[in-house]
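Chain naming follows the written order as A, B, C and D, and within any one chain the residues start at number 1.
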Amino acid sequence: MRDFLRNPVGVVGLVLLMIVLVVALFGPWLAPYDPQLFHAPSRLQGPSAEFWLGTDQYGRDLLSRILHGAPSTVFFGLGATALGVGAGSVIGVVAGVAGGKVDSIIMRVLDGFLAMPELLFTLLIVTFLGGGMTQAMLAVAVTFAPGMARIARSAVLSVRTREYVLAAIARGESRMWIVGREVLPNALGPIIVEATIRVSFAIMIGATLGFLGLGAQPPSTEWGLMVSEARQFMFRNPWCVVVPGVAIAITAMGFNLFGDALRDAFDPKRSRS
Amino acid sequence: MNTSERPVLEVQDYGLTYDTPQGAIEALQSVSLSIAPGETHALVGESGSGKSTLAWAIMRYLPPNARDTGGAIKLSGEHLLDKSPAQMEAVRGRRIAMVFQDPSASLNPAMRMGEQIAEVLIRHRGMTHEQAMAEAEAALARTGIARPAEMLRKYPHEASGGEKQRVGIATAFACNPELIIFDEPTTALDILTAQQILDLFVRLREETGVAALYISHDLGLVARIADRVSVIHQGRIVENGLVHEVFRDPQDAYTRKLMAAVPRPENRIAVADPARGPALMQAQGVSVRYGDTGWLTRVMGRAPAAFYGAQDVSFDLRPGELLGLVGASGSGKSTMAQVLSGLRDFQGSVQFGGRAFEGRRAFDRAYRRDVQIVFQHPDASLNPRQTIGTILSRPLRLYDLCPGDQVASRVRDLLDMVLLPADFAHRYPHQLSGGQKQRIAIARAFAAEPRLVICDEVTAALDVSVQAAVARLLADLQRQSGAACLFITHDLNLIRQLAHRITVMQGGRVVDTFDVADAESPARHSYTRALLNAVPVPTELKGVTAA
Amino acid sequence: QTPIAGGTLRISHSTRIATLNVLSLSGPAEYPCIDMIYSGLTRMGLDSQAHPDLATHWEASDDATEFTFHLREGVKFHDGTPFTADDVVATYTAILNPDVPAAARSVLTMVDKIEALDPLTVKFTLKTPFADLPTSTAHANARIISKAALAAPLTELDTKANGTGPFKLDVYDSARMVRLVKNPDYYQPGKPYLDAVEMMLFPDLAAESANFLSGATDVMLTVQQAEFARIAAAAGIEAQRVASGRYVCVVMRQDTKPWDDVRVRKALALATDRELLVEVILEGLGRPAYDSIVPPELGFATEKPVIAYDPEAAKALLAEAGYPDGITATLVASDRPGIRVQTAIALKQSAAAGGFDLTIETMPHDTYLANVWMKNAFYIGYWGMQPTIDATYRLLLTSDASYQDTEWKNAEFDALIDEGRATIDPAKRAEIYAKAQAMELEDVPYIVPFFEDVLTASSDKAESWGVAPISRYFYVEDVWLDKA
Amino acid sequence: MTLAYLLRRLGAIAIVLAIVTLAVFSITMVLPGNAALMILGEHATADSLAAMERQLGLDRPVWVQYGAWVWGVLHGDFGMSLRLSLPVAQVVGDAFWNSAWLALIALAGVTIIAIPLGVLAALKRGSAWDLGIGLLSYVGTAMPEFVTATLLLILLASPEWPLFPAGGFVAPSESLAGFLRHVTLPAATLGLILMAHISRQVRSEMSEVLASDHVRAARLKGLRARRVIWRHALPNAMAPAVAVISLDIGYLLGGIIVVEEIFAWPGMGRTLIYALQNRDLPVIQAITLTLAVVYALSNLLSDIVIAWLDPRVRHA
């Protein structure tokens, strides 16, 4: 952890992440206005004392909308990642631990999934599921699972041949003990690191789906949707697209930096260089 | 040798410091040494003593956090410390060349080896590409490679370690430098190849009369090839002189300690010969096949060809005995260790304590308790996420060796047994040194109160002095517990100190088994003889007694 | 100013011209194409009346069950074949054939028989009286196709077009551009003025307006409300705002609670802040509507009383209807076009004060069409302007309407509409339709918050560019380019 | 890297494609509504809907439709678009080239800029250069394409100050200058993320290689810095970087969907979204198939390039 805090990337990531999490947890209480409330006379205004970040085409307060949208945006990322990483890891760990035929079959199937560009895959699934926040989350999770399974599997494989695992096998430990106490705790590092970085991808894909009209639906305050709804007005009031856009970027960057720093902290080879 | 000539290399009172976040590390402190033309000067010392640092300092190739703290380095009288980076570029490879420890890592994997020799000639001797290639071929021929022209066209991964090291040596000699620095050029090679490289070094030195700085931690080897030796300890030269004088009469305590640690066959540290009786363990016709993969993998075309890692191996072990298992790299030693500790499927049968086991799944809990294994890498054999206490208590709980409330005290006993303080129980493996970790691994094996302990190169990753201590500890534990031991190693001197009998493997088969006392007997298998001859016998050290 | 002949008019549009199949197409950019390529028997004018096109004049029998159309002489199809009554018969036979997907069929269901009396005379015999038949024959999808083309596989109509209109098809590329060239044999002498028209696809609205403003295109077929002010203000640009009867409506199925109670519907009407909706959704480019689907432009339209935004009254009405705590409902809106969702969002805000707690469910258009449209109890509809009151009501409100989605079925109302059809005397018709409109207002089958203006823009150089309120007729043959 | 290996890889690709088409087909079949409904929209009456379904062949059983489709594809006939009155081959063919131009320009531009940037950052670790490049790459990776695109539009294509067109397409055959003006913003949008990713990757691989024993050995042979960097370090850093670039192509193929949608670029992405919205199954099929093929082939190509860069792989 000390390593982590000495790394400027980690510190910046941590600070951004803290801000994002505070906003995600308390945003709705911090918001000065109801995010759906129209202030018709003040439509499409830039920042002012009344509306700190300006207003959108309906005269809704952008700051309030951003604050309200934070939970859905952030928890979308976390949820999709958790689901995808969870499912993927289970598959990967099973493949890695089982080895042999089970492993080859699982890996071949995953290869098939990985043969499609990520966003295309998500797009098809979300079309299939019918659009909407939950559906988009599921779609992202499904997209993530094969890649995660690979990472989990290779983490397990690299640990599985470590000598302390061999020692446990030679000692005659039970399978449960070996997987649960010797392999998993040591394979978790790369999985967690990858998961953290993927949160930022999930947030970006979620926002992109919102933008394409396949994710969150109006009048949700999801940030990608906010950009998409306001796009028509971007030249009349750039704030209404810049504000949610930057919010997405900051959030994604927070997770990204944090994950990178975590990776460095976990991987002594990188952190030394 | 004419020592009155101007020295090729002179290091005077040189110091170097690394700046790190934890503070400055004084890696070298007022180091002085001087190498005369034609002289081979050995630099010995344990890991981390500053040997490589001195080599980099001479080459003026240092990481950004390194800082000269004084003194001078002169090459044939020219001050190297004053040279600009561009000037040093012209010195490196041209006037001082270097041969590295790991030939696999020090060659560019994406470039044909011919190019890698030729580029030095093009750079320093202004040759055209054709001339350089012709010259490279000649240089390679001088290293005794059978088909040099062919070798030039190969990529590094297509050559063996020995061949790669020959390319490295040919490159170093290519521009007739004044000085060549050898940084442990044989440690990454197996015994027989190392022997050949050493012979090559001696021959080329004689032919060219080049001065050499030879870095090593192997005193036996140094004794054979060097004229003078400097002993370095924690960045200081503690002793310096002609090899035979230093070794005959070491002045410094550290030198003496180093020398005492050198394994010598005649210094037996083995337990007394066990009583001859029925065998404790017998391997009968054990074979292991590698590379048998499923049809799916084969269809997908990723399967390497299958082959035998061990074939029809038979040997036995008596109660309380220490059997040495030796052989070149890849001869199947670890494979046998894995078979016996139930880590690998095999054909044939293993008998233990009167019971026969056919195949890995036949091994039961009782067998697994009786047979314990210790691995080579201390870093990898302890779970980094468990404390030492947890690690050591695991066999106790698993085999129900003592009541739950006594586990902690038994762990303390175990730590005590391997000469470590009791409070280590709360530490994590990364807070221990390599030697300490290896002791924990040994303690864990003995915690199960086994009847057989398999040690797979347990000393290979350790420093010479630590090696000796670990070997002694092992013998002590064996004496206390009466367990038998299968000791796998490359180090023939060490095994002759430790073992009662030695089994030799080559290419997956057992070729020879003999009593230690019969090692020099003419009845030995030719391969055994080759192995024994390849070991640099530290003759110069003979008079020295163990501390 | 005398028109100058020559030049290429570049019209930008943002939706694809996915097909030129005049029988079935419905895209906003497809209509101008067929309006240029094909002619109908009649054609709607800017005055929302049927005018002669291929038919120079027509007579109706007194009971409005027989119509005789006299065709224009000497008209040729683009391929040179002459236009005759047989083509008219073939076209209408195809439209009425249930095996052919034809959009005009719904306004021609009363047609029983079409006969060619001679090469230049066609007679329609109707099953029921229908005074507005010439308006139906002006239906944008009822243009005359040659008999030969109808004999070939109908899918060829998608990409080939052989009409009698002012322009001929030159290039059809549904992904980028449709290019039409002057038909020198057009029946109006001297017209069209233009040598060619290019329909250029700009799928991105920002790109479209940027190109239009920079002069890369001459006409912007449809201007978005959000951009109208900016474009209107630009130099050298004439932006047009055509009052139209296009509307968004809130569908409330009257066989489903709570919408079966007229008080609830009226409460929602009172809770709809029409001024606000016109302001934020239409940017003021439209007019509040007061829950009749009949726009003021149509003949026989009556003046509708203003319904002021009165959330308190709405609450009171709800309480009276037995919902003192208000009503919670899910309002479905398809994601296309965007105005549906916008209306839903604004309505949610506006109705909240009136005791309606609306949850908005937005969904892809395909799902909406398959699962919600004509099925759900509460959703947003969106319709274009119809040419007549009869067409307007028969589309949605009569019991046998094509898209009867409210279950508001009223025999008296049906009878009135039937009677209106059969009545040729305008005064009498006005009386009948006034009654029908009053019934509609009484019962509030739909909430109609506003009528949306048709917005278009042209460069100063493109003279006489215009769009009819029913944005399906464009009169491009009158347009000319002032190169000065 | 033998012919047999290539054939096997191609075989594996074919199997994956078969699965992909079946999956897409089933997905579209399960969805409510169909192309006929989408064409007629709210003008659909029961009889015209039925007529339209008959005309489009949607009234046939599902497996017959799939079978017919597969049969056609095997004969090189992708059928007619249900919505666009054009043969699918033409719709997708045109779109493919438009996308390919965009993707290749983005990729080429990025490789030309990102690789030297990565090398520079690795050589000057810890310097302002390194920091700047690192910052760029972090910002680049954190911005979804639609945000980058929107920002670029606001900055460089605002109606008041239109440096670049806000979208649209001009064929290079029509006007090269026009094409370049139009391609700049979409390519830059795609490029930013790619650049961030590739330069970061090159930097990290390059730092690793620069710290490796063999580069040290090359330096200690007295070779000139230029040769050490370009001949010894870069080729070894490129192999892993190429692997990442090929993964980035997967990203690129996805990113193109969004970017084309925003900049109204008449390519595969935009066509795909249009086809998805209109339930134009043959077009959806053809596009997913094409994208999957491109992705698979680019992976194969990258493996070949890696083998060419790294003799250890070549001989494996």
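Basically, contacts are C-beta pairs under 8 Å (C-beta built on N, C-alpha and C of every residue); 3 or more make two chains touch, one makes a residue touch a chain.
Here's who's who by UniProt: A = DppCch1; B = Peptide ABC transporter; D = Binding-protein-dependent transporters inner membrane component.
This structure is a prediction, so every number in the text was calculated from the model and none was measured.
Across the two interfaces under comparison, B-D and A-C, the one joined by more C-beta contacts turns out to be B-D. Ranked by how far their CA centres sit from the centre of chain D, the chains are topped by B. Mean C-alpha positions place chain B and chain D at a centre distance of 50 Å. One simple way to say how far apart two chains are is to compare their mean CA positions; for chain A and chain C this gives 46 Å. Centres computed as Cα averages put chain B at a distance of 88 Å from chain C. With each centre defined as the average position of its C-alpha atoms, the distance from chain C to chain D rounds to 40 Å.
Residue positions of chain C with contacts to 2 or more other chains are 206, 230, 364, 367. Within chain D, residues 12, 31, 153, 159 each touch two or more of the remaining chains. Looking at chain A, residues 127, 130, 234-235 sit in touch with two or more other chains.
Chain pairs that touch, as defined above: A-B, A-C, A-D, B-D, C-D. Touching chain A in their complex are the following residues of chain C: 205-206, 224, 226-227, 230, 276, 279-280, 335, 341, 344-346, 348-349, 360-364, 367. Within the complex, the chain B residues that touch chain D are 59, 61, 89-94, 97-98, 100, 102, 105-111, 119-120, 123-124, 155, 157-158, 168, 171, 300-301. Residues 111-112, 115-120, 122-125, 127-128, 130, 200, 204-205, 207-208, 211-212, 224, 227-228, 231, 234-235, 238, 241-242, 245-246, 248-250, 252-253, 256-257, 270, 273 of chain A are the ones touching chain D in the complex.
Residue ranges of chain D in contact with chain B, taken from their complex: 4-5, 8, 12, 212-225, 227, 231-232, 235-236, 239, 309-312, 315. Residues 6, 100-101, 104-105, 108, 162-164, 166-167, 169-173, 181-182, 185-186 of chain A are the ones that touch chain B when the two sit in their complex.
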